Structure formats: structure tokens, C-alpha cells
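Structures incoming, each one as C-alpha cells.
Next come two complexes built around subunit A: one with subunit B, the other with subunit C.
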Partner chain A sequence: MGVYIFYLFGTGLIATSIVAILMKNPVHSVLSVVSSFFFLAGIYAGLSMQFLAVIQILVYAGAIMVLFIFIIMLFDLQKSEYSKDRFLWRDLVPLALILITAAGFISAISRSESIKNYVANAKLPSNFGSVSAVSFEFFGTSNSVGRFSFLFEVISILLLSAIVGAVVLAKRKL
Partner chain B sequence: MVELIIWTIIKILFILFFVTLPLAGVLTVVDRRESSMIQDRIGPNRANLSGDVWDLSKRWRFLGLLHLLADGIKMIFKEDYSIKSGNRWIHTFAPILAFFPGLVILSIIPFGGNVTVFGSSTNLQIASFDSGMLLAFAFSSIAVYGITLAGWSSNNKFSLLGGVRATSQMLSYEVVLGLTLMGIFMIYGTLELNTIVQGQQSLKVDGTPDLLFGFLPKWGIFLQPFAMLLYVAAATAETKRAPFDVPEAESELVSGFFTEYGSMKMGMFLFAEYAEVVIFSMIFTTLFLGGYHVPYLYDSGFILPFGWGSLSINPTLVGFIQMLTFLLKVIIVAWGHLVIRWTLPRFRYDQVLRLGWKMLLPLALANIIITAIVLSFI
Partner chain C sequence: MIDNISTIHFLKEMLYLIPLLILVFSSMIILLVDVFAESSNKRYLAPLTSLFLIFSAISIFWLYKYIPKSGVKILYNMVYVDHFSLVISAMLIIAAIITVWISSDYLERYGIAIGEFYSLLLISLTGMILMVSTTNLFTMFVALELFSIPIYVLAGFFRVYGKSIESSIKYFISGSVASAIMLYGIALFYGVFGTVEFSEIERHIFNHYDSVAQIAKTEPLLILGTLLIMAGFLFKTAMIPFHMWTPDIYEGAPTTVTGFMGFAVKATSFAAFFRVVVSIFNTPSLVYSENGTISPSSWINVIYVLIIITLIVSNLIAMSQRNVKRMLAYSSISHAAYLMIAILTFSLSKTKDSYGSLLFYLLTYLFASIGAFAVLSIFEKNGSNSVTLENLNGASKRSPFLVASMLIFIFSMAGVPPFGGFFGKFYLLKSAFVDGSLSTLVLIAVITSVIGAFYYLRVLVFMFMKDVESDENIETLNVPFLGKLAIALSAIAVVYLGVFPNSLIQFMGETISNFFIK
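Then we have the complex of A and B:
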């Protein structure tokens, strides 16, 4: 069952991502990226990471891409300003490189004994992917520190500095 | 498994086609009628079945509910023109995108307790989802796309302005909306809505009711009254109804983001607004008004405070009583929401954003901190 969910959403994810690159109209591209986020969330949900799936929709599809659309709307692009790039044969070179690298990765992963052993012996906790399991890893309990507490706090400080930077840039005179 | 699927289908059909959509439809008429009463007008009173428009005594008007039918027929049979300039595909797609994401939220709302029919027992909630309320936030933020794209694809300055206003307003108030509810999540210790509802009125381990000061049920409205006020303000802004209806502001922007729409496409924008009101009322009832709980009614029957006695009732009957209670509470909250709309004048646009970022957001943060301090001492 899980495998079929993965193939279904994986196909959709690749298709919408390709459409996002090929579209000339930036709004069409953004919509395509948004739908690819939904497919990605579907893959997360199929891996029983429901919290991550909802956060993917909430943060990326619901907030960040809305800002993209907002900015494209304010630019008010005309048809004449769309990208005029034509297809060139040399564009196939990076594509071929990507495909070769991906094939290498896939064959390495599928042959690795340690990964096979890990998958065969992996046991998920019953609440895997739920809000409580994720928050346990981040914050721990009242007596212990979670595995990622330190990293979580470091990332918070990084985001805080980004906010301060944005405010300083926006207001030259504080 | 088959039992689960059948129950899920029944629940989806019930909550969608017997509760939300009919209630949203009735609200369109209630809104028109209520506005006329508040503004001392007569309001819509012509739709009737007898065919006689002028003789008041001969009319069968069914409380004016026929206006719902008349509006629907009018919108469906109106000419469905599509725009010449602008983006036609997105223009057609936008009303769909504005209407349907909100309906996903229905899946997590518990609309009744546990019921048993023909020996098969179920909770009256479509999906018990651990991330619960986050799903509601996620899909209410998806509804922004419909509005934004409608404004952009119409190729009209008024539409574009309405779309831009709606986007920035909804993005701003989503932040506030999430933060106001944080106190509730902290108190009940979960995001899952059925668990929150059960936490609002439960029995202690020894079988006695868990009450505040010995008589108040632990409903969100009593534990987080300040968060409730902030939530009502933020949610009204999120549904884009007056006093926060700057995206469509008739006196400034013609009709805002749906200026270039006609027929049922425009009808879907209007209907989406009322569906949002119903869903807002459901979430408000669930989080702050004890959900489907009747005061002092528990799974086995009534247990009154101060030792005034108890009364045992059949658990399935309790389940159905709770379902009807939920619907009654939703209708009352929706009515209150309509009264707000016709009582307050519209804010200016900069006032809306200032209210969101400079007043509601700091107050919501303060509410979280105070709740955390109080919870750490209990």
C-alpha cells in the first residue's frame, strides 16, 4: 500500500516539478510548485510523518508560495517580458549529468548491505511522526533534553538574526 | 474495515450535505433579512410559491427561505461570460480554489459524541487526526490562492487591488489566528479536536465531574476568555467579512477581487464566504464552547454540581443529544457572527493591518506567556 502511495505521489511530484520549469508564465509556474508541495506532503503522509506533511502544506504552500504570488502580482509582468529562452541542444548536458548522478546514487543505495539491514530491522515507535514524537525530539521531557534541542535553538537564533537583518534593511534610520 | 468505510461515508455526507452547505445557504438569506431588520428596512419578501406577488395573505413564503432557491436559480441560469483579456484558465479555476479547501477542515471537527446504531459504534468525527488544528490552519491558508488569483487573473485594477489587500490581510491574520489558539493547545495538551472537546468536560479518576470552582465546566471560554476575544477578531478578519471586508470594499473597489465575475462563479465566492462562517462557528464551538457537550451531561447521564443529584440516560441517546447540541451552538455562533457584520463599520485598510500586527499579535503573545506561567504553577 505504502509503495503505491509513493509511486502515485512521486509521479505527480516529478510531473508538476517539470511543468514548473517549462511554464513561461511565472504564475503558472508558482501554481505548479504549489501542487508539487501537495504531492510531497502526500509522500510524507504515506511515510506516516503526518506532522511533517501538514507543516509542508502550512508553511510552504500556505505561506511562502503565497508571498511569491503576491510579489509576481505586484510586478504586473506583461507577455513581452516573459522569458524568451529557446531550447538548445547544449541544455541536455546538465540534464544528462543529473540523470547519471541520480542513477549512481540509486544503484549505490539499492546495493548497500548496511541500508538493507537497517530497513529490515527498523522498528518505528507507535507514535512516529505525530506532534508529540516530534516535540519530544526537539524539547525532551521536563527531566531530559531532546536529541535536537541544541540544534533547534541554534536555528531559532539564525532565524532571529534574519528577522533583525530584514528590519535593519527595511528601516535605514532606526 | 467495511464498517469504518461505511461510517466515514455516512459522516462525510451528513456533515457536508445535511449541515454545512444547507446552513451556509440559509445564512445567505438570514444575512439579507437580518441586515434589513437592523437597518429598519423590510428586506427580501417577494419570493413565494403561490405566484401572486401582490396579495400578502395568499403568499406561501416559508419564512423567506424561497429566496435561497430564487438566488440559486438566478445565478445558475445567468449568462456565464468569460473575460477577454486576463488569464481565462486561472479566472475559471480561482472560485473553485476559494471554495473547496475550506471544506477539508470539516474532516477534523467532532460534531457529536460516541453513538451506537445497529450494534455498530463510532465517534462522530470523520478523522481523528493527531495534528488536528494544524490541518485547519493549513487549508484555510490555501484558500488565499483563490482570492489572490481571482484578483490577478481578472486584469482589472480594482480586482488586483482587492486581491493584494486580501492576500496581505489574510497572511497577517493567519499568524495572529495561530498564536491566539496556542493557549488552548497548552491547557488541553493536544492539537486533536476530539481530545480538546473531551478535556473541556470530563470526569475525574474517581468518577466525579472535573469542574472549575466546583460549578463551571472547563470550557475554553472560561479558561481562555481573552484568547476568545482575540480569536473572534482574527477569525472575522480571516473570513473577510465586515468590519474587515476591505478586499471587496464596495465604496472603494466596486466589488474588489470578484468585480469581473458573474453567474455562479461569483456565487461560489459569496457561498464560500458563508461556508467559511459556518466552519469558523464550528471551530469556535469546538475550542471555546465545549464542542458537543451539554453542561453537566456526561456519557452516562446528568451529574449536577453541588451534589444536586444525577440522572442516568442511555449512552446512544446522549450521543444524539450531543450532536443536536453541537448544531445548536454552531447556529447561535453563526448568528452572532452575522450580527457583528451588520453592527460595525468598515476599518480603513491601514487600520486593519495595524490592528493585526501592532495590537492583536503582541496581545496574543502576552496571552501565551501568561498562560505558560500560570500552567507552570498549577
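Then we have the complex of A and C:
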């Protein structure tokens, strides 16, 4: 059953991603990217990572895509501006490079022994992917500290610097 | 698996991070002070920042005495503080102090003397110090982002100049792509090993694989991950062909930021890459084939070819630059190639002579590069944010002090004895030559450094021999006190390193040999 869910969402993910880069209208592209995020969330859920699936929808499909759509709205592109580009033969070079790289990755993954091992004897803890398991890793319990709590704090400084930077670059008068 | 550590123990372990804590808190204090201070008092922000930096440096000296030679692993092995990381941290803090001293007047001239500059600089420095003091790929990635994002902003700090904004955006986009590539490599490592801790990865490779060929057959993801992580580092260290961003960004960014970026980003990336090489990439089964020779598909060969390309191409392009900042950008690319030679020497030869050369070269590069950019920041014409060779015409009449220090920095970078840069290059190439397998590389490095001397000395030609056409900009330059202090101290340091290199080289060598204490 799980395999079929994976194939369903995986096909949808690949299809919507390809549509996203083929569409001429940027709004159509963005909508296609939004649907690809939902398919990705579905794959996460199928791998019993419920927390990650919810976060994927909340953060990516929610917050980040709103930003994308806002920016495209602000640009207010006319049809003549984005329908001009046509197919060029030199576009084939990056396409070929991407295909070669992808082929290399797929062959590497299919030959990897550690991945075969995972598939053969995958044993997940009972609360894998749940909110409590994730919060234990980040925040620990009442009298111990989580494994990633230090990195969690570091990321808060990272966000602080990003906020300060955004203000510095965007404020009209310093 | 490590046991859970209690909150009290966690806080005790945070004591080892005291240089970082000082930097983080001071960056926030400066943000607050900046909000409440009168605008006439803002010129005290730079001395305040340097005071905090000096506190942090003192705590590093204290830690150096306090920790054992083998270093301490703290916070679930997320952070690893040892003598190597402390030495690099001290260098980074010196770079930051010099940058702050020069920036104070420079920013005022451009009318953007605001506290956010110093705050972002301190946060960036925090990330750099964290990046060199870890043996964990997760921490390394978070630290990489922590030091990169403030630098992206600092590069675009001159918001009214198109070039500055351009450099910020370019750096942001290309840097994010590089980070993403590196993150993919880290993810592959995690997928293969189930851990991101260097020592565990090394043990796993050592126990399970014999040669590169065997890895390529059974675990190709490992080689893919190695290449992707290396690509991330090659981007940050600006080796050709990952160098495209460097000249544009060095040109567009505020000159003092360029000086800081030129040294600090490079030093951090090299130190972190050195750690990765020592701990993971140097495992024999990632380098050698079954019969004991270096495997053709090993990462060593990739680096070897890139060094040769970088040495030749960067020096040739630098010759045709009229903009001094762009020229120094290409020169920094060629310096990256030298530092890569040091890393390659280290992983191929096991003699102790090669140990000190990487750190000593970084130290000489620190003073020469930041000093050169500091001098340029004063020569810069208001409203252009760039310095061409013609701008330097008749400089010796405008400020003999600046020109004399520039002479020292340029001679040091070109590798003229008796300045620090000469001994940096000399020890580095000597230890590479003694090993034997790198003698072709040494030959190319020597030839290209002669080519390099041409464009370095051309700056001096313009400064000393050319006269200004019109009389308008003959007026003497007014060098501010803090700037003068910073430039004078850097010049003295470059001369000192050239005259008395031995004790420092020995000290650096001992720092590296601590890696092998088990």
C-alpha cells in the first residue's frame, strides 16, 4: 500500500515540477510549484514523518509561496514580457548536463549498499517522525538538554542577523 | 550513542564557548546602543566594538591555557574546541579589529556610520569561529550560513551604489547555490553513515572499505558526497572554476568589507576544509587504490588539477585589470591556490615540516591583504567605491605613510624578501618540494608568482612614478587616527613575520601536530 502512495505522489511531484519550468506564465509556474510542495508533503507523510509533512505545508506551501506570489504581483508582468523567449539550441547544453548528472545520481543511488541495507532491515522507533520525537531531539526533557538544542539557538542568531540585514538593506532612511 | 546531558552540565560546557558568547552578546548590545545613542555619539561605536573584540581575544588566550592539547568535545559532540580552532579564531578576531578600526572613519565619510555594520560583523565572526571549532557536519553547515548571511548584507551596505547592491545579490544567489550543493553532500554522507560526526565517519570508512575502486563499486554515494562537499568549499575559497563571483563582489562591496571578506571567509573555509581533509578525506581508502598508489579517481587529483588551473589563470587575468580591487580579487584567488598546495602537501607527506606552513601563510596573508585593502579604502574617491590604477597616480606625494605601508603589503603579497609573504611562500613550497610528488606543482607556483610580481609591482609604479595630470587632487590625504594605527600595526606585523618567522612557524606546527594526539 505504502509503495503505491509513494508512486502516486512521486509521479505527481515530478509532473508538477516539470510543468513549473515549462510554463510561460509565471503565475502558472508558481501554482504548479505549490502543488509540487503538497505532493512532497504527501511523500513525507507516507514515510511516517507526519511532523515534517505538516511543516512542509505550513512553511513552504503557506508562507514561502505567498511571498513568491506577492513578488510576481508586484512585478506586474505583461504578457509580452514573458512570452518573448523561444527555444534556442544552446539551451540544450545545460539540459544535457542536467540529464547526465541526474543519470549519475540515479545510478549511484541504485548501486549504493547502505540504501539496500536500509530497505532490507528498516526498523523505526515507534514514535518516529512525531512531534514529541522531534521536540525531544531539539529541547530534551525537563532535566536534560536535547541533542540539537545548541544548533537551535545558533539558528535563532542566524535569523536575528537576517532580520537586521533585511532592515539595513530595505529601510528607506537609516 | 551519547547519554543525555543535564541542563546544568550543558551550561557548564557552554563555558568553553565563552569567546563566542561574548561576540553574540556584544553584537546585541551594539544594536541596542545604536538605537538609544545620540547621532553625535555614534563614533564611539567602533571603539566599543573593538573593546568587545579584545575581551573575546583575551578569553581565547585564557581558553588556550585551560583546555588540554587534544581539545574538548562538548554539547553532544556538536562543538570541538582545540588549539587549532583557537589559533584561527585569534587570527579572525585580529582581522575583525583591524576592519573595525578602518571602517569607523570610512563609513562616516559615506554617511552610513550605523551600529548594524558592527553588529553584523560580530555575528559573522561568531559564525566563522563556530565553523572552525567543530567536527560535525551539521554544525559546520549552520555555521557556514551564520557567517555567510551577514557578509551578504555587508557587501550590499552601500545601498545607493548599484555595484554594491549587485555584489550583494550576486554573492547571495551564488553563495546559496554553493551552500545547497554542500548540503546535498552532507545529506549523502548522513544517508551512507547515519552520522555526521567526523571521527565516526572516519572509523566507518576505515573499517568497511579498502580502496577507492571498492568504494566506487559498492558505495558510489560516498564519492559523490565527497565531491559535493568539496565543491562547496572550493566555492567559498574561490578556486577556479568556482571563482566567477569573486571579482564582481570584491569590487562592489565596501572596501573595508572586501578586506575582511578576503581574509576571513578564506581563512575560515580553509581551516574547516583542512579539518574535513584531516579527519575524513585523508582516510587511506578514499585516496589510494589497491596497490598503494594514488587512485586516479581520488579527490586529490581533482584538487591537483584545479590548483594548476587556478595558479595560471588567476595570475594571467590579474595582469589585465585596471581596477585595483579587481586585481586584488584575482590575487586572492591565486593565494587560495597556494593554501590548497599546503593542504595537498599535508595529506600526501607525513613529515612534520609541512605542518606549520598553512597557518603561517594565512597569518602573513591576513596582515598583507587587510592592510592593502585598508590603504585602498583611504585612497578611494568619494562617490565611486572603486580604485583604479590611475587614482593612485602621485600617491607618494599625497601621503608618504600610506604609500610606504602599501609598499610593504604589496612586497609581502608578491613574495619579496624580507617580508612575511616571502617566508610564507618559501616554507609552503619547500615542504611541498621535499615531498617530491608535488615538484611539478612547485615549479608552476614559482613561475606564476614571478608573473604575479608584475601586476603587484605595477601598483607601486603608479604610486611612485606617475604624476597627476591636473593639480586638483594633489592635496594631502588626511589619515584618521584609528586607521593609521591599524595600517601601521599591520605593516609592523608583516615586517616582523618576515624577520623573525621561525618561532611562529614552530608554534603553528605544534598546533597542527595536536591533531594526532589520541
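Rule of thumb we're sticking to: the second predicted complex is superposed on the first by the 168 of 174 C-alpha atoms of A that agree within 3 Å, B and C clash if a C-alpha of one lies under 4 Å from a C-alpha of the other, contacts with A are read in each partner's own complex, and residues count from 1 in each chain.
Operating definition for what follows: contacts are C-beta pairs under 8 Å (C-beta built on N, C-alpha and C of every residue); 3 or more make two chains touch, one makes a residue touch a chain.
The structure displayed is predicted, hence computed values, not measured ones.
Taking subunit B and subunit C in turn and counting the residues of subunit A each one touches, the greater count comes from C.
In the superposition on chain A, contact of A:Leu95 is made with neither subunit B nor subunit C.
In the superposition on chain A, A:Ile157 makes contact with subunit C only, while subunit B stays out of contact range. By the document's definition of touching, of the two partners only subunit B reaches A:Ser130; subunit C does not.
In the superposed model, A:Ile57 makes contact with subunit B only, not with subunit C.
When the two structures are aligned on the shared chain, A:Val3 is found in touch with neither subunit B nor subunit C.
Contacts of A:Ala122 after superposition on the shared chain: neither subunit B nor subunit C is touched. Counting contacts as defined above, no subunit A residue meets subunit B in one complex and subunit C in the other. Of all residues in subunit A, only 25, 27-28, 31, 34, 50-51, 54-55, 57-58, 61-63, 66-67, 69-70, 73-74, 76, 127, 130-132 touch subunit B in the complex they form.
Touching subunit A in their complex are the following residues of subunit B: 87, 90, 129-131, 134-135, 137-139, 141-142, 144-145, 148-149, 151-152, 160, 163-164, 167-168, 171, 174, 191.
Considering their complex, residues 2, 4-7, 10, 24, 28, 31, 75-76, 78-79, 112, 114, 116, 119-120, 123-124, 126-127, 130, 138-139, 142-143, 145-146, 149-150, 152-153, 156-157, 159, 168, 191-193, 217-221, 223-224 of subunit C touch subunit A.
The touching residues of subunit A, when paired with subunit C in their complex, are 104-105, 107-109, 111-115, 140-141, 143-145, 147-151, 154-155, 157-158, 160-162, 164-165, 167-169, 174.
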